[in-house]
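Take a look at the structures below.
Here come two complexes built around chain A, the first alongside chain B, the second alongside chain C.
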Partner chain A sequence: MGHTVGMAGGVAALCVLPFLAGNAYLEHLLALWMLYALLALSLNIVIGYLGELTFGHAAFVGVGAYTSALLSTQLGLPPLLGLPLAAVAAALFGLVIGYAALRVVGPQFTILTLGFGSILYTITNNWVDLTRGPMGISDIPPMAIGPMTFTSARETYFLILALVLAVGFLCHALVNSRTGRAFLAVRENAPLAASLGINVFHTKLLGFVVATAIAGLGGAIYAHYIKVITPDIMGVQNVAALIIVVIIGGRGTIVGPILGALVYIGLLEALRVAGPLRMVIFAALLTGTVVFLPGGLVSLWQRWRTTHKADNNLPAGNGVPSAEGGAE
Partner chain B sequence: MNGTSMNATSMNGAEILAVQGLTRIFGGLTAVRDVDMTVRTGEVVGLIGPNGAGKTTLFNMLGGSMPPSSGTIRFDGTDCTGAPPHVMGQRGVSRTFQITSLFPSLTVLDNVRSAAYRTTTAGWGAAILRTAAFRRQEAELKRKALDLLAFCDLEDRADTLADALSYGEQRRLEIAIALAAEPRLLLLDEPAAGMNPEEGQRLVEMIRRIRERGVTVLLVEHHMRIVASVCDRLVVLDHGVKIAEGPPAQVLNDPEVIRVYLGREPVDA
Partner chain C sequence: MDVTVFAQQIANGLVNGMAYVLIATGLTLVFGVLRIVNFAHGEFYMLGAYITYFVGTLLGIDYLAAAAIAAVVVAALGIAANKLIFWPLRRDHEFTILLSSLGLALLISNGGELLFGADPKYVDSPFADEVLDIGAITLTQQRVLVFAAAVVALIGVYLFLRYSRFGKMMRATAQNPDGAALTGINIKLVHGYTFALACGLAALAGALVGPTVMIFPTIGNWAVLKGFIVVIMGGLGSVTGALFAGLLLGVIESLGGGYISLGFMEAIGYAMIIVVLLWRPNGLFSTARGLR
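Right, the complex of A and B next:
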């Protein structure tokens, strides 16, 4: 019950937030927060639930962004149609790359995804006839659903917020289903999972393809919001940013990536006063988080709840859920 | 389905596992050589032999995690030679591992629920739509999982992380995990390793109750007292070759078996 109330309160707060922002710049930051939250939620499926580290995620964001941008600028396709096609295109790339890379696990898989990501970046950067190379694509039309257009930061914020809530719900349903329990079993102990009849490769491929589809969706939304994209969207900085967001917030949870995105966007802005030292301080804070809070920010709440429980009640079981807290 | 529990105590159940000429070669070493053996429905069969006799290699081949170099494995009348582990798991062969193997950062209840993969059908799509079938399945799954935890004396640990259990509890959870898949054949790899005599006795009781549930058991074990008190039949391996087979009383008095265990000649005590 407390879970549901907390959820409703959180969603209400997210809906009111842009009206409190007061200026367009803050609203832009809020929209970016939601975008990063969406992308981090998708990456969390691979890092948090499947337990594999991928360095290729930004490439799929790029595939989605370029697909929808090219379809709307070259063929005049409405962005609303481009959105699902961007997800499909990213998922197809995810299927092919996942099929090849998921044959190996651990660091080898990570290196393979880094390689595939670099290949996609290089192709995008050099195929000037199609992608205009480093000049990028500009004048991308805004997202529109019927008469509604999403040009302002506030409108875009609500559009992405809806997607974040939808994907959050998908993840919640996942971890509370047979499919998601198979994901966690594979993460925890692949040989044991296989002995119980779980096809480890197919399970991982499913998670990887879904994650890349959502990444493509996020990329397309970004393209129609910012209106200009360059191959940098697939760059290593973006890969690192998304991994940082997931790990700082708390991998394997739903609130974690959303919280991590807020900290990432918020901290980068707050540290602007530090001038050139900004990235140094930021890096130090990140390192500190990883060292002292390996479970991410959400583990603070879990830790508090555990001690709180222990103080009030009889010695209760260890109340740290590794997946999303199970609301029955 | 109905037949298995009726056959549980019968020695003459149908052949559930038939192994013929099974061989596994690692480079120049033949770990398992030309082994024939059968297991009948409802039996508890012990696989014994000194260290390095090839017991775990044989187990790995039966569980699908290691393809045989030659020979055939038939499970329930179907040729399963070289089938990967998840296929053996799907067909109803569950196993435990020599080194403690569970899902460490999941709760005890979720360990068992994850392990019941084979027994459920409604997945992610059904969970998104919250279909009636999904809700029924999940309620049933939780009930079954709690029953199984009670069966393994773990019901008061349901919300504990598997990582935080004591060693004895972890070994019992491993059995609960294997049983959650509702196997037809359960392969137990040294379940008593590291247990004290009292825990060993509890294990014997548990294996008897597993058999009463209609599950056929193949057991690798070093503790002769456990093997002798729980097994209907023993198969003895030495240097990868089957050297004896039969009821425990007969096999454990076989001079050849005593020789491989104690070295050299049988001793008149």
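Right, the complex of A and C next:
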């Protein structure tokens, strides 16, 4: 009950937010926040639900961005058509790469995705005839649905917000479905899941392909909003940024990546004066979160709630087991 | 096909490959003994190149001495990194360790950009401009030095692992840490020195390759990627595998760059691991646990 009310309140707040922003620059930041939230939600399917760490996610964002950008600038296809095609292209890459990389697990999978990501980056950077190489693609037309065009930050914000909510709902429904429970079973204990008749490889591949499709969609929206893309969108910096967002917010949750994106975009702007020191601070935040707060910012709330409940339900002083008596 | 050109490409590839082997040996040692996939490994390569630059070019110390100093300093930094980050986390999930090594990598590379500046630097070496002719093949002395020094270092590592008391302790820890600890081996010491050895090798690679290229604070990304490709291809934890895979990658990249396309050279190397992994998912030289 309280959960539903909280959700409705949150969604309402997100809808009102751009009207409170007051200026175009803040609205631009809000749109970026939603974009990173969308990309982080897709990465979270792999990191949070499948329990595998991928370093190649930015490459799929790039595939989506380039697909839609090339279709609209070279062939004159309307961006609305480019969007689903971008998702399909990214998903196809995800299918092929996932099929090869998911044969191994753990650190080896992570390294392989890094390798695949680098292949896509190198090809994009060097296939000058198609992608114009490091010069990138410019003059990408804005997103349009029928007579509606999404040129301003505020319009784009609402477009991406709708997608974030849809993907968030999809993740929510997924986790509560039979397939989603299979994801979590594979994450927690793959051999045990296999013994229960779950096809571990197919389950992981499904999750990976869905995640890459959403990443491609996000990339396409980015391309039509910013209007210029370069191969840097696939670079290591972007990979690191997405991982930082998911981990700081809280992996395996829906609110976590959205919250993480807010922290990332917010700090990125707040620390603009700090220059190169910014990434050092983010790196320290990442390491600190991993070590001291493995559940991310979201787990702070859960932690607070459990201690709060314990205070209410139990007589003071007796409820919490003493720290010294543990199993250390 | 011109034989001279072909031989030249092979020679270039072997030199590049030997540098990959140096980087990958450290990675595979750290994985074998500490069970850590260290994404920060390339940053120690970068630090090796930069320390050689600062000690050699700015303080005016001889290049070879500067390279040795760089290796020792970075090895000490490796001990510190292990003590502060990886040793306390050794019982944690591999996910945590992977992410904290990524954090460390970002910390060092961006910290490096802050300290050293993003503009490229050139490491001075008296061997960089001198040319050596071996038959029809022409190599700079520096590139011959890369190959020779790497061979010496790798033979040293091999003999150390095979015959020294400490090397045996390392192998025992790689096979079974608990068993090793039960026989009185100081695991903490083994972890620390293995990490130092790995970082020292990475720094040596950086110091050797440094004069043949421009150095940036972000070259660590490149180094760790090459190292990982080699390690994955050879089999995680296999030193022999790293040797063969490193040389193979170097030669294939060189031939691909020479005969197909220079721009796609790197992609050809990456494509190689896919082929290998489709055939042998755990690498060419993978067997049971332990250092080989």
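The criterion applied here is as follows: the second predicted complex is superposed on the first by the 300 of 328 C-alpha atoms of A that agree within 3 Å, B and C clash if a C-alpha of one lies under 4 Å from a C-alpha of the other, contacts with A are read in each partner's own complex, and residues count from 1 in each chain.
Here is the rule we use: a contact is a pair of C-beta atoms (placed from the backbone, for glycine too) under 8 Å apart; a residue touches a chain by one contact, two chains touch by 3 or more.
In this text, all values refer to a predicted model and were calculated from it rather than measured experimentally.
After overlaying the two complexes on the shared chain, residue contacts for A:307 are found with neither chain B nor chain C. Contact with chain C, but none with chain B, is seen for A:247 once the two complexes are overlaid on the shared chain.
By the document's definition of touching, neither partner reaches A:138: not chain B, not chain C. In the superposition on chain A, A:106 makes contact with chain C only, not with chain B.
Touch criterion met: A:197 reaches chain B, while chain C stays clear of it. In the superposition on chain A, A:283 makes contact with chain C only, while chain B stays out of contact range.
In the superposed pair of complexes, A:74 makes contact with neither chain B nor chain C.
In the superposition on the C-alpha atoms of chain A, no part of chain A is touched by chain B in one complex and by chain C in the other.
The touching residues of chain B, counted against chain A in their complex, run 63, 65, 84-86, 88-90, 94-95, 97, 101-107, 110, 113-115, 117-118, 120-124, 126-128, 130, 134, 138, 157-161, 164, 177-178, 180-181. The touching residues of chain A, when paired with chain C in their complex, are 51, 53, 100, 103-104, 106-108, 110-112, 114-116, 118-119, 122-123, 125-126, 236, 240, 243, 247, 275-277, 279-280, 282-284, 286-287, 290-291, 294.
Against chain B, the residues of chain A that register as touching in their complex are 169-170, 173-174, 176-182, 184-185, 188-189, 191-200, 316-323, 326. On the chain C side of its complex with chain A, the touching residues are 31, 37, 85, 89, 94-96, 98-100, 102-107, 110-111, 113-114, 118, 221, 225, 228-229, 231-232, 236, 261, 263-264, 266-267, 270-271, 273-274, 277-278, 281-282.
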